[in-house]
Structures are given as structure tokens and as C-alpha cells.
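For reference, the structures are reproduced in the following blocks.
One chain, chain A, links the two complexes that follow: it is found with chain B in the first and with chain C in the second.
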Partner chain A sequence: MSTGMVLALLGAALATILAGIGSSYGVRIGGQAAAGVVAEDPDQFAKVLILQLLPGTQGIYGLLVTFITLSRIGVLGGTPITDTKTGLMYLIACLPIAVVGLVSAIYQGKTSVASIGVVAKKPDQFGKAMLFPAMVETYAILALLISILAVTNL
Partner chain B sequence: MNDLDYIFAVARIRVKEKTLLRDSDIAQMITMPDADAVIEFLLTHGWGDTASSRDADAILAAEEAKTLSLINELRLDPEILEILSYPQLFHNLKAGIKETVTTEPHPSAFYPLESYGRETILKIIKEKTYDQLPEPLRELAPRAFELMLQTRDGQAVDMLVDRETLSAMEKAGKASSNPLFKNYLLSTVAVSNIKIAVRAQRMKKSREFIENALAPCTYLDTKELAKAASGTFEELLGYLQRTDYSQGAEALKESPSAFERWCDNRLIGSLRGERTHSESFGPVLAYYLARQNEIKTVRIILTAKANGFSEDAIRERVREMYV
Partner chain C sequence: MAIVKMQKLSLCAAKTHRKEILETLQSMGVMDIDNSYIQDEELQQMDTRTAMTTFEKNAATLDQVLKILGSYAKVSAGGGLFSEPEEVSKEKFDGIVKHQGRFMRHAGTIQDAEKEIQERRGIIRKNENQIIALQPWVSLDIPLGLHGTRTVRTLIGQMPGTWTLEALYETAIQGIKSADDSPVKADEFPVDIRIISTENGTTNIVVMCLRKDRDQVRANLRGAGFAAPAGEEKGVPTERIEYYKQDIKKQEEAISDLEKKIAGFADEADEFRIAADYYRTRAEKYRLLGTIPQSENMFFLEGWVKASQAESIKKMLEERFDAFVEFESIREDEIEPTLLSNNRFSESAEGVLEAYGLPTHGRIDPTTVMSFFYVFFFGMMLSDAGYGLVMTIGCAVLLLKKPRMAEGIKKMLKLFFWCGLSTTVWGFLYGGFFGDAIDVVAKTFFGYTGDTLLKPLWFAPLNDPMRLLIWCMLFGLIHLFAGLAVKGAEYLQQKDIVGFLSDVCAWYLMLIGLVLMLLPSDIFASISGQNFQFPAWLNTLAKGMAILGAAVILLMSGRANKNWGIRVALGAYDLYGITSWLSDILSYSRLLALGLATGVIANVINMMASYGGGGVVGAIIFIVVFIFGHLLNLGINALGAYVHTNRLQYVEFFGKFYDAGGKQFKPFKTVSKYVQVKEEK
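Right, the complex of A and B next:
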């Protein structure tokens, strides 16, 4: 296996690993807060579940970029990489969703926890409360877009 | 426990905060014609339990039990729980020593603590197995017991144990890494010292007596406080006006109850920032203290209504609410 192939696989793996770590952290703290609310007010289950799941999307974005990368570097399809330069470019192309996915999922989880606090005190403000963590999602989507554009145009 | 471990607890507390009484509820209770109307209002707000019926003391006791039960359920750091229970724990030790020496049973004098209730405390004192007590009480218990045995002076035991309660809170406050908990403990010690100094000044106690009664304190110079309290009331006010408690001195000029109200309002004011935190022990502590403040205020209203106080007189005594 060429060095280029190793670098491309490393990029694909990082997209899933880092974004997945961020999402699991975000969903974990969101789940703790959601459980606290449901322990006292089970009627809020559906609302707090949605808020808990918001930081989970970064992990899916990372998985998507990994699939696209694997289907282009000769693992699930495409042409196997033979040169180091191309492999390095795939690695760099995967980094936006890997790094931004990790960080944004952690921050989105913290924002979800705060929004779950809003729902706990004012359940009728769910719509507004959901917007706060959704704003953090913007930057994960931007990173996803850049990673997909980069990987598909190499 | 780190701050993240409190996310579940804080979320539960957020839901419970909805049930706290507001200033408008307190204002409404003050205008009610009698204690029965206040009790009716409390029952409609979920206060009391099936056993408490319409008995005011039972309703308040049920609310205190509910708060303690919730705090225990939240599985906080056991050390924090123990420190929060210091006043009740040390009080039970006093009650146990007095009951053992005088052989007169007073079950109602004890707080119903899970770990150190009446039976446990009496057994430890009778068997002299003081090592079964929490660390701050182990050395104190035999000393207080000997004092009671030799002097039969309950007040002397109260003074010794109360001072050690404050010393233990001061020590825990200094050691705490949580700024809110630290400030709560150190402020409680400072305010208690001021109350002791005011009482001693009114009773014209000597400087030496006051120095012995005051607990070590970070927020106040106890030697200066004792010196001021051994003089005139104006000298005591003069000292307080040079400290962070200058506004408290103004309240003290009105009456001791106005000072206590000022202290409680100041504490509640310092807790309000916790309403926006979601990842620390702070909101849980704030809720616990807000509940204590709420129960104390309701007790004041019920007692005042039962004794025919005017609305203005009650209004002067009630505390500000947390929410």
C-alpha cells in the first residue's frame, strides 16, 4: 500500500473518529440534562429528546465524508491512490469536518444543555430554545460542505 | 465530582424551580386574613403531604423533608452533603448530650437525620464510641459531654458546640474550591459572629467572653469585633460600618430582625446568578438555600398571622424570593 493511500485512509478515519467523539460527548451531556428534566416532568420527553440529538449530526457528517472518500480512493470504488501528494490532499480535505465536527459537537452539546434548562422552566419556549443549539450546527454544515467539495473535486 | 456530573441534577433543579414561591405569592399571603387562608394557599401550591393535614408545623416539616430527600436523591458529593448538614448534625450532638446527662427524653429536640438521628447519637454518646461520628465532632463530643456532666450548664454546652459548628463551616469554606459554596459558608460564619456579638453587647458580656464565643472568621476581624461588642452599641455599629457589612449595620440600627432579613436577602441576591448556570454544583446549592429561605419566610408569615401581626409588620420581616 502506498504512502498516499495511507494518508487518504487516515483522513477518512479522522473524519469519522473526531466528529464521532464530539457527537458522543455532545449527546452524552444533552442526555444527562434531558434525563434530569424527564425525571421531574415526563411530558417534556419529546422536546428534550430533540435537543439531546442535535449534537449527534456531526458524527453523521463525518461518516458521510468518510464514505465519499473511501468510494473515491479505491476502497469502495474509484481509482487506488498511488502518489503521496494526492493522498495528502485527501487527508487535508477531510480535516474540516473532522476538526470542526469535534469542536462544534462539544459546544452544541453545551448549548443543548442550556436550552434543555429553558424547556425545563418554560416548556412553551421550545421553539426559541431549539434555535440556540441549531445556530452552532451552521459551522458544522459549512465544514461538511467544504470537505465534500474538496474530496469530490480532487 | 466534576462540574459535568451535575448536569442531571441541575436539569432536575430547573424543573423544581418552577414550584418555588415568588415575591408575588408572598405578597398575596401577607394580605390574607388569617393563618388558615395561608395554609389553604400553600396546600393548593402542593405544600405538605397526606400526613401533615392542615397543621402548619407538619406542613413546614414535610417541605423540609422533601427538600432533603431531593438533595439526597441527586447524589451530590457526600462531603458537600455532610457540610450542608453541619448545623443539624451539631445540634443533634447538643440534644444528645443534654438528654444523656439529664436523662429526660426530648425526641422532638432532634433533627430526623438519616445517618445521625436521635437513636444513633444517643448510642454513640452512651457507648463513648465517638470515632463513629464525622471528623469535626469526634474531638468535640467528649469535651462537650464532660462540660455538661461537670457544670450541668446547657447554655455553656450550646456556646461551645455552636462555636465549633461555625469553626467547622469556616474550615470547610476555606477548603472549598466552589466559589459559591465557599462564600455561603464564610458568609454564614461572619453573619453568625455578628449576631453573637450583638447579643453579647446587649447582655453586656466581657470582651474575653465574646472572644471565646466568636468563631474564627475570614470575612471579619474577630478581635476587633469582640472589642467593639464589649463597648457600646454605637461602637459595634462603627466597627461594622468599616466592613463589608456596612449596609447590615444600617439594618441593625432598625432591629435585629431587620438585620437578619438583610443577611438573608444578601445571600439570596448572591445566588441569583446560579439561575443561568447548567454545569456546576451552584444551582443545586442555590435551590437548597432558596427552599430554606422560602420555608423560613412562610414560617414567619404563619406565626405572624397566628399572632395577629399587621400586614406592614409582616412585610418588614419577610425575605426576598429566589425566583
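Right, the complex of A and C next:
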């Protein structure tokens, strides 16, 4: 296997690993807060579950980029990479969603916790509470977009 | 399309009609009664808290009884997201109200039975613990509490640690002297020790000795940690165990009798439900009654009704109850309650607007405009024909099966029904039906090796993401322009032509000019691969529009300020708002990203499902993985699409023109948690 291939695989793996770490952290702290609310008021289950799940999307974005990368570098399809430079380019193309996914999922999780607090006190304000974590996600989406555009156009 | 016009009524009637008037208004459910603005020191309010709490307590009791019935018989306790009230006839409802005392007694019986069951369960647990505590002593055939006979004393108890018989004897007799003053030997001294059992680091023993030696032996053993067994058992262990077992059986029989007794009330569940709703409705009435100002013979009411119904309600109240009804105008500090009215498609999106905040009167209800974009964008984000069909069919089935669901839930389901349809359309446009399921099935099971079977009607986003990105931004621009248009319509409604020209038209001019300048540029060509060649006059026009628009904004948006210096500074600040337009439009790139996410993850699921290969086993694996995988993907992506469609409406779209602040119209009405009284025809 060429060095380029290794680098590209590294990039693909990092997208899932880092974004996944971020998401699992975000979903974890959201889940802890949500469990507390449900213990007091089981009727809020659906609402707090949605808020808990919001930071879970970064992991999926990471998976997405990994999959697109793998299907282009000859693992799940496409042509295998032979030169180091192309491999390095794939690695760099994967970095936006890997790094931003990691960080934004953690911050989104913290925002979700705050929003779950809103729902606990004022369940009718769910629509607004949902918006705050969704704001954080914007940057993960932008990173995903750049990663996809970069990988598909390399 | 609009906010329903309201009319405020004030009512003054004789107290003798109070009950009838309130009950009529409640059953009609047309009036949002708010007496907080009537202030007169002459008028008194009744204290209805006791009555209200009684009714609320009764309703809560019945709720609890229904839950109890639910756990002993197949009775649904109600509640749940998609639950709907049952329909009952007026006669049945009135009949039950007449016999409410009986049902409350039955409810009391059920609650007592439930309490007794819990108590008996407690006894069973206690008995079981006793049996466990007696287990080490089963081989003992004398009562645990036996002190001894006339000459012999018994000591029954536990020693910490594991002991041998020799060690026990030695410990028991130490320090006891025989007749010649030498220490006694174990086999000469009249003491008998038996080890009953050894477990968990304790040795259970029985010691028998002469009455006169008892104190000495006991002191010796106590020195080594001897203690009477825990618990207060005095009898023969096996007999006691038998007794407890019998008692458990007795308790269980009693419990099962009680359970049957409770289950016997199962066919009264309907009655309990009706009574619960009745009590809630009464409690609601008393809550209102507590706010009603009254004099010695008269009482007063104020509230809002739909303007279209105002005349007929006024007439009805005047004719039937001799009431004095007047149309009032709004007070200064009062907010007219908001009730939305939209066409059958757009009303489904009212819940989305409610979650953000209702509009105030005099503003435009954005539901109609929003509903189209909502459904359009949701479909674009979920964008899979298979998922769309699942959603549409699921919502349609629920809506048809349960026509009396709560209004809010019904609207939400309707919205998702439309969103599902839109998702299906976008799915076919993008060529996604459970991802690439059709191709994967054809290749795995039927050995197909040709071109893609389900060709996208438009194009597959993954093959040309850049192209779709440009489209997304175009849709975004249209969405934002629509928002600006609503703002313009509001200016026109208020006949503020200057505002319309300088705050709306100027922005249109500048933005369209800028877009027209961007299109033929090299940057755009290199990004999109599209080459626009405009004639020179159009390029000049574009520049002219942008400059004119910018100039108007610069000079006019601070027009409220007299000082020209500040005015221009404010204008410059507003002009800087162009950056927010840029970020708003970029925000629509989520349409692409989420659309891609659904499709690609669906493909991953199909790929994993097809790893089982062809054949029967492969097919089973395929079906299992397919169902679970796609359900998961549908769930997560539908959530994502929902959240981000809301975001696009709330932040980007509403940000251009909308601010909430309305108060919801909440008519005084009957409570129908469980049942709905059928309207008489």
C-alpha cells in the first residue's frame, strides 16, 4: 500500500473518530441533563430527547465524509491512490469536519444542556430552546460542506 | 392567511342566571374571558378555591383509579401523544354526572383495594425476609426461644468466624474449676455444644449446660463474641418457616381476590373517564367564577370573541338570559388575543409559528408564506422518496384512524404529511429511494450489472454538489426576498410609503444589483462552472441599481433622526447589514449538506445489508439490516430536517421582518381529556 493511501485512510478515519468523539460527548452530557428532567416530569421525554440528539449529527457528518472518501480512494470503490501528494490532499480535505465536528459537538452538547434546562422550566418554550443548539450546528454544517466539496472535487 | 378579527364584549347579568350563562359559554367555547381589567371596589369576587380544589382532587383520584385499572385489567389509562378523546352521547354523559356519587364511591373502593394490595405485598416481603433469616437454623428441632428445662439451660446463638467443636468446648469451659481446683476437662464437664450450621463467617450453635453453670458458660462464650440470633423468632425454625409460607400463600390469595375485585370495575372505566372530564370542566368553571366581579344581585364579565360571531353571541345572551351585553373597545394596556385562520394546507404550519410566537394584531400572519417554504425545504433536506412515503403514509394512517386527536398534534401530523410528500418528490428528483436500495437489491439478488435503475429526475447531488449548492443559495435568496416582501406589505398596509421605498425597495435594488454584478464575474464562473455573459447595458444597470440602493439606505434608514450626522451614521450601520445577508444566504447550504447526509447514510446501510450476499440467508440479513438501518436513518435525518427547517424559518426568514408578541386566544371551554360529548344535531 502506498503512503498516499495510508494518508488518505488516516484522513477518512479521523473524520469519523474525531467527530464521533465530539458527538458522543455532546450526546452524553445532553442525556444526563435530559434524564434529570424526565425523572421530574416524564411528559417532557420527547422534547428533551430531541435536544439530546442534536449534538449527535456531527458523528454522522464525519461518517458521511469517511464514506465518500473511502468510495473514492479505492477502498469501497474508485481508483486507489498511488502518490503521496494526493493522499495528503485527501487527509487535509477530511480535516474540517474532523476538527470542527469534534469541537462543535462538544459545545453544542453544552448548549443542549442549557436548552434542556429551559424546557424543564418552561416546556412551552421548546421551539425557541431548540434553536440555540441548532445555531452551533451551523459551523459543523459549513465544515461538512467544505469537506464534501473538497473530497468530491479532488 | 390572516389573524382573525376579535371583538371585545362586556356582559352584565343577574346572578340568578350566572350558572346558566357560564355553562352555556363553556360548552360553546367561543369566548376568551379575562376579567383582570375590571376594577371596582364595590364589586366582590367569590372565593371558589375550596370547590375548585375538590373537583380537581376528584379528577386526580379518577386519573389514578384509571391507572390502577390499567395495571390490573386491560384498561387504557389514556394520555400519550396521539391519544384522542372518545365520543359519548349527551344522555350518557348526563346520566353519569347524575350518578357521580356512586362512581366516586367505587373509585374510593378501588383505591382502598390498591392500598391493601400494597400493604399485603409488604407483608409478603417481610415474611420472605424472615424465612431467609431462619434458613441457617432449619436443622434445629427445638424452639429458638427455649431457655431450658428445670435443670438444664440452653444457649442458642451465633459466634463470629468459623469454629470447630473443640475450640467451642475449650472456650465455653475456660476458667471453670473442678472440685480439686484444677481446670475441668471438656469430656468431664456437663456441657453439650452442637454446631447447627456455618455460613458467611458465622457459626450458629446450640449450647446446653446445667442451670448453675449457665452464667459462667455464657460469659465465656460472650467473651468470644457469642450473641443471640438476630430477629425475634422464638419458635421451632421449621415450624416458623412453614407458618410464614402459609401466610404468604394467604396474602397472595387475598391479593388475587383484591385484584379480581379491582378488575371487576374495569367495565366502569368509561364512566370514570367521563366523570374525570366532568370534574375538570367544573374545576375550570370555578376557577373562572373566582375571577368574576359581582355585586349583590349582578355579575360582570369581559372577554374576547371572534368579531364574526360577536353579534350572534350578544343576541343569544340577551334573549336567553336577559343579560346586558355591550361591544367594548380595547383598553390601552390590553393585548388583543390572536387566533390564526389559514387555508387547509397552511394551517398545518400554525404550530411552527406558535412555537416562535404569535403575531400581534395589525401585523401580517406569515403562516401562509412560511408553510410553502417549510414543506419545500423539509423535503429538500430529507430528500428520499422511500422515507417520504413512509412519513406520508404513517401520518395519513394516524390522521384517519384518530380523527379526534388534540388540535395541535393533528396539525403537526398534517404538516409532516405534506413534508413527506415533498420529501418523496425531492427523493425522485435526486434519485433516492431508501438510498440506492433498488440498485443494491437488483445487483445482490438478481445479478443485475447494468446502469442505475432509478435515474434521478433532476440530478444526483453527490455527482455535482457545487451545482446544487448554487441552487440552494438561490432558493435561500428567494426565501429571504419573500421575507422582505412581507415586510414591504406591512409598510403598505400601514400606508408608510417612505418606509416601503427606503427599507424594502432600496434593499431589493441593491441586492439584485449586486447579484447581477456577481453573476458574470470570474469568481462565480470558476466556482459554479457557469459562464454568464451579460450585455454591457445590463452590467451598467446592475451597478446603477446597487449604488442607488446603497445610497437610499445610507440616507434614509436613519430618517427618524433629525441630526444628519447621526442619520448618515445609522444608515452606514444599516448598510453594513449586507454582511448578514451574506451569512444568511450561506446558511442555506445546509439544504445541500443534510440532503447529502440522508442519501449517503442510506447507501451505507444498503451496502451493509448486502454483505450477506444473495440467497435466502442473505435476503433475511438484508431485510433485518435494511429495516433497522433505515428506520434509524429516517429518525435521525427527519429530526435534523425538522430542526434545521425550523431554524431557516425562525432565524433567516423571520429575522427579515417578523417579531412575535401576540397572546394566544384561549377560549373558556369544556375539558375533554378522555371524552368528547357528541354535538346534538
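The working rule: the second predicted complex is superposed on the first by the 154 of 154 C-alpha atoms of A that agree within 3 Å, B and C clash if a C-alpha of one lies under 4 Å from a C-alpha of the other, contacts with A are read in each partner's own complex, and residues count from 1 in each chain.
What we mean here is this: a contact is a pair of C-beta atoms (placed from the backbone, for glycine too) under 8 Å apart; a residue touches a chain by one contact, two chains touch by 3 or more.
Keep in mind that what you see is a predicted model, and the values were worked out from it rather than measured.
Peer 1: After the chain A overlay, clash or fit between chain B and chain C?
Peer 2: When both complexes are placed onto chain A, chain B and chain C end up side by side without any clash.
Peer 1: Does the superposition put A:Lys121 against chain B (first), chain C (second), both, or neither?
Peer 2: The answer is first: A:Lys121 touches chain B but not chain C.
Peer 1: One more residue to check, A:Val27. First (chain B), second (chain C), both or neither?
Peer 2: neither
Peer 1: Scan A:Asp41 for contacts with chain B and chain C and give back first, second, both or neither.
Peer 2: first
Peer 1: For A:Leu14 in the superposed arrangement: first (chain B), second (chain C), both or neither?
Peer 2: Neither partner.
Peer 1: In the overlay, answer first, second, both or neither for which of chain B and chain C A:Ala134 touches.
Peer 2: Second partner only, chain C.
Peer 1: Is A:Tyr61 touching the first partner chain B, the second partner chain C, both, or neither of them?
Peer 2: Only chain C; A:Tyr61 stays clear of chain B.
Peer 1: After the superposition on A, what does A:Ile50 contact: first (chain B), second (chain C), both or neither?
Peer 2: Touch status of A:Ile50: second partner only.
Peer 1: By residue count, is chain A touched more by chain B or by chain C?
Peer 2: C
Peer 1: On the combined arrangement from the superposition, state the nearest Cα-Cα distance between chain B and chain C in Å.
Peer 2: 7
Peer 1: Would you please give the residues of chain A that touch chain B in one complex and also touch chain C in the other complex?
Peer 2: In the superposed arrangement, which is not itself an observed complex, chain A uses no residue for both chain B and chain C.
Peer 1: Show me the residue ranges of chain A that touch chain B in the complex, using the header's touch definition.
Peer 2: Listed in rising order, the residues of chain A that touch chain B are 29, 32-37, 39-41, 110, 113-114, 116-117, 120-121.
Peer 1: Flag every residue of chain B that touches chain A in the complex, lowest number first.
Peer 2: Per the stated touch rule, the residues are 4, 7-18, 278-279.
Peer 1: Enumerate the contact residues on chain A facing chain C in the complex.
Peer 2: Interface residues on chain A, with respect to chain C: 46, 50, 53-54, 56-57, 60-61, 63-64, 67-68, 76, 126-128, 130-131, 134-135, 137-138, 141-142, 144-145, 148-149, 152-153.
Peer 1: Touching chain A in the complex: which residues of chain C?
Peer 2: Residue list for chain C touching chain A: 81, 352, 354-356, 462, 465-466, 469, 586-587, 589-590, 592-594, 596-597, 600-601, 603-604, 607, 636, 639-640, 643-644, 646-647, 650-651.
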